[in-house]
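Next come two complexes built around subunit A: one with subunit B, the other with subunit C.
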Partner chain A sequence: MSAVEAGRKGRRRDLADVGLRSWAILVYVFLFLPILVIVVYSFNNGRAMITWNGVGLNGYRTGLTDPTIQDAVKTSIVAAVGTAVMATILGSFAGIALARRKGKWTILFLALVFLILVTPEIVEAIALLLWYVRLGGPFGPHTPIPGISYGMVRLWVGHSLFATAVVTLIVRARLQGLDETLEEAAADLYATPARRFRQITLPLMLPAVLAGALLAFSFSLDDTIISSFVSVAGASPWPVYVFSAVRNALRPEVASVSTLLLTLTLIAIASVALVLRRSGQSSKDVAKTMTVGG
Partner chain B sequence: MALPAWVWFLCFFTLPVLWIVYYSFGYKPDIYHPIATDKLSLGSYHEAFSRAFVHVFSQTLQISIIGTSLCLLIAFPFAYWLATRVSPRWRGVLLGLVVVPFFVNFLIRTVGWLILLSPAGPVSSLLQRWGLRSEPLHLLQTRGAVQLGVVYNYLALMILPLFVTLDRLDPAMREASKDLGANRVKTFRQITLPLAAPGIVAGLLLVFIPLTGDYITALVLGGAKGNMAGVVVASQFTIAQDWALGAAQAVILIAMIMGTVAVFGLFAIAIRAIVRVSRRITLPPVAEEAV
Partner chain C sequence: MVLEAGIEVRRGDVIVAAAFSAGDRETLALLGPNGAGKTTIVESIAGLIPAAHGHILLDGVPIHGLPPERRPIGMAFQDGVLFPHLSVLENVAFPVRARGARSRAARAHALDLLGRLAPGIDPGAKPGALSGGERQRVALARALAGAPRVLVLDEPLSAVDVSARAELRALLRRTLRDFDGPRLLVTHDPVEAMTLADRVVVLEDGRITQTGTPEEIRDAPRTRYAADLVGMNLFAGRLTPLEAGAGALETADGVVTVPWPDGVAVDPLDDVLATLGPADVSLHAARPEGSARNVVQGVVEEVAILGDRARVRLDSSPRLVAEITTGSAGRMAIQTGTLVWASFKAVEVHLMVEPGAADTL
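After this line comes the complex of A and B, so read on.
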């Protein structure tokens, strides 16, 4: 290769580098533009969110004191915690079973999980609403579980379907990637099944369980469609409040509360990432575990 | 151990969905009752295939096919850059940055675009202030706004699987190809692209499926011109109170998604067969794709 040719190749490589990097910057701008807009408009002092009327903290003041908004955020958090607990327990056991006790039911169960993931959420929401109305019991106003609003039970069950499917897949993927001989070795060393689970399987699958719980929590916080169909007055979560605001009147406090929630979410993600990092994963692995569970 | 999850899914997914299928054979008896099932017929399906609904379904399919393709075109160079040009130290942080918007509420993200695109919003007022436009922009309630919104809302689902496969790709493969005299285009076509195929397929599915069933983006950003099937299905339950028709449309929507995925799957298998025959070398199998 002559020097000229090498130089030309090098320059072409630089050009490709610059092109790819500019593209990446554009993608980041695109991804963060609407988020930035929400953060900026949370400081809008006007009455309507979209019409800019000077910088101020009116939105935050109203957002933090309005009892309807407080109830909505509280409902969201209770729904998300319940969903995360239910989905993590159901999904972890299902994931272990799929990875370690393969049988003729495995394929069928995976097919069902796949169906849940591909069914449009709007269809699931409508189907669940009609089903709840038909079932009654703890899902209806007449015979609720004492102390728990039937609206909350509806949210927990509705959100936990998709979340359980996701946790199942994440835990299964993690266990399949791990060497089963570790568990066999523990058994050979006379560990009881309970001890084997506690000392070998559980620590190994913990990152996946943690990631699954986080995803289940954020899925529940994020969910608008199922919530807006199955929730009832008095137990309607934050996205349902925003949804009705979009249709009636958007005020700056919607942006303010969203900004606060975003900050909380980021802190939660960062702490989970830190925990995973402490357990010895590289930053890339952490990001991967938290997004795709691999 | 999977038994509790089995019971859970059967009680709260399979049965409710079957219930919807059952309702789709019913009819609306009068204006006071949303559903009757004493006589079962295909009447609702007949009605669902009338011209207005077929138009919405074909528009939905167009929006989702264009949207999925745009996601792939935007995400591939980006994921390639992240996997091959960024030092491993920064890769995790930059990948995390992609995920951050994804953790913002779906609806709030869409409201962000609602502000950006509204006639009184920043884009419109800046254009007017700079004298580039004399009147406010009217971008909302159009198909273009919905198209933009869905690409934005589902882009991360394309970036992640693409990144995972491209990241697993051993750089030595590309170098070997270049050492053997292949130019950049040939290396990309014969090494990178085939090895990234599982990620591409996963990304296309992850974006296409929820995009076709989208409800919120179309409701917030689109009007009559940007209508999608999910909105029409929901309106049968929230406004029109015709459950049989809504159920039939829901069944058609699911069938449309699965049908498109099946056609795409057959197409992908055919392409793979053609490539296998035309390519002389066999590449080692790639690890199973994520998700």
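After this line comes the complex of A and C, so read on.
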């Protein structure tokens, strides 16, 4: 091959390289530009969100003082935290069972979990509403649980449905990747079943549990369909508020509060990453766990 | 303390059965090819796999009904199986804590064990940062830390670099010798079994095919596997340099000319082990001509026929086992009492240099 030919080939490769890189950048811009737009418009001082009228903090001021918005955000956060707790506990135990106590029913249970994931949310929402109304009890206006609105119980249970399935699969995947001989070694080394779970199984599955909790939290935070169907007046979460606000005109405070919630999610991700780092995981492991790569 | 086991364990479609006993301060090797069921047997003794039938007795007291955490059996697992989220120190302290010791006492005990078995390993390090040999040392310390009454080593050298093996083998020898109780060694390496064990149980396809001292099995292997792997000539002694590239291995009953080991300083060495395959020894009716460096004369003590091969044991200096075809055994009219010449090339002798020499590598 002559030097000229080699040069041409090299240039062609460079061009292909530049092309691919630019393409990748374009994809990221496409993905993140809408979020950027929301962040920028959260500083809009105009009356309607889409008509730009100078930079200012009016949106944030209104968003943080309006009692309806405050209620909606509070409902959203309480619902998300509750969902994370409920889904994490249920999903972790289900994941352990599916990974560590395999039997002839394992496949069936797994299929059920996948079924929850693929069921259209609108179907789940309608089904839940009918079921709540029929059940009553803690899901109805005559709830026996003091201090907690039945609307909140409906949100927790409704959001946990999908979130539990997600946590189950993450925890199961993590435990399957972990050698069971570790638990056997602990048994040989005089550790009782309770001690084995506390000191070996639990710390090893912790990254998956935290990643699952995080996903459950963010899933609940942005769920609109189930929330629209099952929430009751006075306990409507933020997405439901936004959805109804669209019918009139979107005001800048919608963008401002959405930006705050985005920040909250990022803080949650960062704190989970921090906990994982503290528990001795390498940054590569942390990244892998956070992206549900095992 | 005596361990007696007679168990049948189901592993998939295969049933592994074994009956043996290990006496006080006796090292029993379970030797067999991969997949023979050796690990299944010891894991069942430790209580990690339920046995379908049988009994496990410690000094006559049954322990087969106990859960694993209540059986006083300390196992150093294959590849270590160290807890990845705990430091080396916490790993070794784990069984001590599990038996109810306070954190500080457990750490002190663990540090003491680590100092003896794994000096030079940072107690604060995570297992992921250790080499195969270091992991095995920590696993050994962890197995001993809970003060078990039976010590089990499962393939302790299989995940260890060849370069680190000699040193670790010496440590295993010391640890086994000093352990006060029955010791089980699981291995597929005949040299490990022959050099570390007092008695050997040969396990093939889930069945015991032979039990005996290393010498008994070497002299009269009962199966093809035992003959091929265990029935090796084993020489041990002091290695002194001859001319360039060669050395003389002075054993208790004769001298063997061997190739000088690569990368080892040309100085006399003690405690050198060497193996020679019986098939590499050829027999002759008259003194052979040719290039073989080792030529000895001896009287045939025993002829054992295994299929189309004949194993011939010679009372020579050193003592040798040769394996030849039954055809040539017939042609030479070899039988007990026949006087024959045996020869083998120096390069067929495989040396294993023990510690001390490792420093000069």
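Definition applied: the second predicted complex is superposed on the first by the 273 of 294 C-alpha atoms of A that agree within 3 Å, B and C clash if a C-alpha of one lies under 4 Å from a C-alpha of the other, contacts with A are read in each partner's own complex, and residues count from 1 in each chain.
In this section, a contact is a pair of C-beta atoms (placed from the backbone, for glycine too) under 8 Å apart; a residue touches a chain by one contact, two chains touch by 3 or more.
Computed from a predicted structure; not experimentally measured.
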Subunit B and subunit C placed together on subunit A: clash or fit? fit
**Request:** For A:204, decide between first (touching subunit B), second (touching subunit C), both and neither.
**Result:** second
Reported in degrees to the nearest 10, the CA-centre angle with subunit A in the middle and subunit B, subunit C at the ends is 100
(message) Is A:130 touching anything from subunit B or subunit C once the two structures are fitted on A? First, second, both or neither.
(response) first
Report task. Pick one for A:262: touches subunit B only (first), subunit C only (second), both, or neither. Result -> first
Between subunit B and subunit C, the one with more contact residues on subunit A is chain B
Per the contact definition in the header, classify A:185: touching subunit B only (first), subunit C only (second), both, or neither.
second
TODO: Based on the superposed arrangement, let me know which partner A:30 touches: subunit B (first), subunit C (second), both, or neither?
DONE: first
Once both structures are superposed, the least CA distance from subunit B to subunit C in Å comes to 20
Overlap of subunit B and subunit C contacts on subunit A, residues none
Residue set of subunit C touching subunit A in the complex reads 43, 46-48, 67-71, 73-75, 77, 81, 83-85, 94-95, 98-99, 126, 142-143, 146
Touching subunit B in the complex, subunit A uses residues 12, 16-17, 20-21, 23-24, 27-28, 30-35, 37-38, 41, 49-52, 89-91, 93-94, 96-98, 101, 105, 109, 112-113, 115-124, 126-131, 134, 157-158, 160-161, 164-165, 168-169, 173, 218, 221-222, 224-225, 229, 238-239, 242-243, 246, 250, 254-255, 258, 261-262, 265-266, 269, 273, 282-288, 290-294
Within the complex, subunit C is touched by subunit A residues 179, 181-182, 184-193, 195, 199-200, 203-204, 279-280
Seen from subunit B, its contact residues with subunit A in the complex are 1-2, 4-6, 8-9, 12-17, 19-20, 23, 74-75, 77-78, 80-82, 85, 88-89, 91-93, 95-101, 103-116, 118, 120-122, 152, 155-156, 160-161, 164, 167, 184, 209-210, 212-213, 215-216, 220, 230, 233-234, 237, 243, 246-247, 250, 253-254, 257-258, 261, 290-291
